[in-house]
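I've put the structures underneath this note.
Look at the two complexes coming up: subunit A is in both, with subunit B in one and subunit C in the other.
Here is the complex of A and B:
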């Protein structure tokens, strides 16, 4: 039995998840006030009604849109700033300490300022997602540019490569695996930033409905919505992780 | 132009090179007033104690390092930077791009050099066949052994079809059996291609086995102390390696090198004071 489980870790994993769901089901049905928690079976059944709640699909779409835009901007800004900092000694010496300093600040402290500047609409959420997501990407790009083996640059130069060719065919591919690990961390950051901002204040996104379901003591729908968000996050993370393993295949 | 000059592939004139500014702590005089003519079609080995400036001289010849003083000419052109159409490099370290297959590595090298697109695949195939790696064109460098990787690097250099190959301890990281076989292969390749090769090595046997001439370096700051000639036609057979002449020439090289290696080790040895420090520190503690 033990040997079978060792050879099929997926089965054991599934078992653990099932056990947790059963525990939750039992606790929710018989031991905990239904004002605060719903059993998973009921949450699952209620998913339909969550979607049927007026404006919830639009809110989900809006949050997804915020995530996508924030992630795209984080990648673009992260790559550009990362290259600027990583490719020049001057840029590295001057800006890297600043990047590290900013990265170290818990950004939740400046969320109100974002709301003040960008309003309570999607712009603030996107901006907050971008500032969370771009730092790990900057760091990854800088690392990816700098961990290049000098002999590869020398060898490219000896074969007549121009600066542009070196950037395109040596620096860029060397950076890719690092960039993807940065993008995975960046995706986690974007999710954190966007959802934090959503929950803090929201008029049309997911945050609005979570606070509404909370205030109405409707844990079934609240859990359903949170579940949908979690699924969204897992799917997005998985997408980037796939990209990462795909592009890291040459790593020796 | 004189006959001698037209027969010279690379001419190095009074080249000195220092790393770092004169007032810096890590200022190193690597090469001192070195002059050398590499004859067309020969294989010239550079041998000397480690750190004596062999790689520096090779990189200066290939335009990868601009010397502090002195000049280098390739044919009738002064060297001011890489000359991909005349010179190809092979390094000790694996310099293949790890994200590309062997075939892609070769295509990329040729695109850097400016080979027309239509010719690249053909040339890659021929060069891979020449080093016996045609079956591994689709492999990534990490999937090959160290010896195969260096053969692939050789193929990439051959595909550039330059007249000159500069090789910096290309087999230095390989085990002795592999480097012997690769040495024989190189000798065969050489006799077919008529290329001019400058080959850095720290192996006396490799130098005598491969070279038409061996230039022996002095300890740092390096300069060429003596040049010996190995009169044996290419391709060289393994029988040459067991001949009396081979051993006699290797011993001659060893004699030339011996003193320089001692000097070079004295340069890098730790100052004696390190011992005194330790003993004085041990005193009060006990």
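Here is the complex of A and C:
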């Protein structure tokens, strides 16, 4: 048994997770007020009732839609701005400090402005997700473009390649690995931005249900909803991470 | 002719980008000013830069920000200290055994990839609307970068260094103090810097979403009262504080790395 565990750390990891769940179950069943926490078994059984709560499935679908649109926009804007900043030396020297300065601002402080401009609907959440997600992508694209060996660009140009051909056949393939690691960070940012805005707006969407379950002291449904959202986030992260390992392979 | 254009080029190289940066900021301020004074953008949507400046001066002069700043900084300090101590201790213990690293590192990395801000409603349920829920969220969010970088730092110390120190008869403490810590410090410090940034973000964020006091709460409160100029002034204030804190932590990080 011990030798088996030593050889398979993954199994031991599952054991640790299981132990934590059992500890949670015991604590929640016998020691902690059920107003505040409920055992994982009950949360699991109640998942059906979370989905059966009117408008919860719609709110989850809307959040997923916001995440997808925000991510797509963040990638497009990030690549365009990243190329604009990164492709020229002057642009890099001039605008990179501005990008870094903007990236360093805790954007959560301007969330109320986003709500003011875009309303409490999906637009504000998408916009907030985009501004969180695009900066890591800009930085990754700039880093990727800067790392291209100058000799590749010079030789392509001397062989008579047009600007478009250089972009397509030299810049693009060289940029791909760092673009994907930027997209992974961008996805983390998009998730943070969209979920922050969702939780902030408590009159509709996910934020309405989380604050309602909190005020009703209904930890079972709250844990269920949070669990479903966490699963959504894990799936999206995993998708981008798979993409990264897949597309980063060609260079090795 | 060529010498002249060469000199000109050098001048452009040196000052050109600075110039464009200043022009960029000036252009934004000018557009902002024109939008509010000439083009009739609603004052509720965008207060004029002058009124924001007046409010900013007023906020600073009256010292009205002190109470909120104190709460936010207190939450930040407690959260960061607890996350630092628990993260480095847990990380160090795990890093001592390659087996434990294999068991726990993917587990922590997996949890770290979940947006932990999702747990905020749970924390509000457990700890209420006061500072406790913010501190708890700050600890949870900044624990993971700290523990992961501690594991990475102490887990990847060059074996040769450890063997050499041991064969020269170093005691456990000497090994820790003179080999492990200097080797791991840069990675650990980067983790602490990230942990600090994340703690700051999660505390202002949770104050914004659900709270009774603090800088984040003040901004939301002003937004709900439609007191836009003052809200912009507070946003500027918080951004200045945040940039100042992050710069200070980065400087400490860089200094710690140099001192090795």
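As a working rule, the second predicted complex is superposed on the first by the 235 of 252 C-alpha atoms of A that agree within 3 Å, B and C clash if a C-alpha of one lies under 4 Å from a C-alpha of the other, contacts with A are read in each partner's own complex, and residues count from 1 in each chain.
One rule holds in what follows: contacts are C-beta pairs under 8 Å (C-beta built on N, C-alpha and C of every residue); 3 or more make two chains touch, one makes a residue touch a chain.
These numbers were taken from a predicted model, which means no experiment stands behind them.
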In the superposed arrangement, does A:199 touch subunit B (first), subunit C (second), both or neither?
-> second
Of the two partner chains, subunit B (first) and subunit C (second), which one does A:160 touch, if any: first, second, both, or neither?
-> first
Subunit B versus subunit C as contact partner of A:111, first or second or both or neither = second
After superposition on the shared chain, which partner residues are touched by A:51: those of subunit B (first), subunit C (second), both, or neither?
-> neither
Is the number of subunit A residues in contact higher for subunit B or for subunit C?
-> C
Of the partners subunit B and subunit C, which touch A:149 in the superposed model: first, second, both, neither?
-> first
Overlap of the subunit B and subunit C footprints on subunit A, listed as residue numbers | none
Which part of subunit A faces subunit C closely enough to touch in the complex?
-> 6, 9, 12-13, 16-17, 36-37, 90, 93-95, 97-98, 104-106, 108-113, 115-117, 188, 191-192, 195-196, 199-200, 210-211, 213-214, 217, 219, 222-223, 226, 229-230, 233-234, 237
Subunit A contact footprint on subunit B (complex, rising order) | 62, 64, 82, 84-85, 87-89, 91, 93-95, 97-100, 108-109, 111-114, 140-142, 160
Spell out the residues on subunit C that touch subunit A in their complex, using ranges where they run on.
-> 16-17, 20-21, 24, 44-45, 99, 102-104, 106-107, 110, 113-115, 117-122, 124-126, 200-201, 204-205, 208-210, 216, 219-220, 223, 231, 235, 238-239, 242-243, 246
Which residues, counting only subunit A, touch subunit B once they are in their complex?
-> 149, 151-152, 154-161, 165, 169-170, 173-174, 176, 250-252
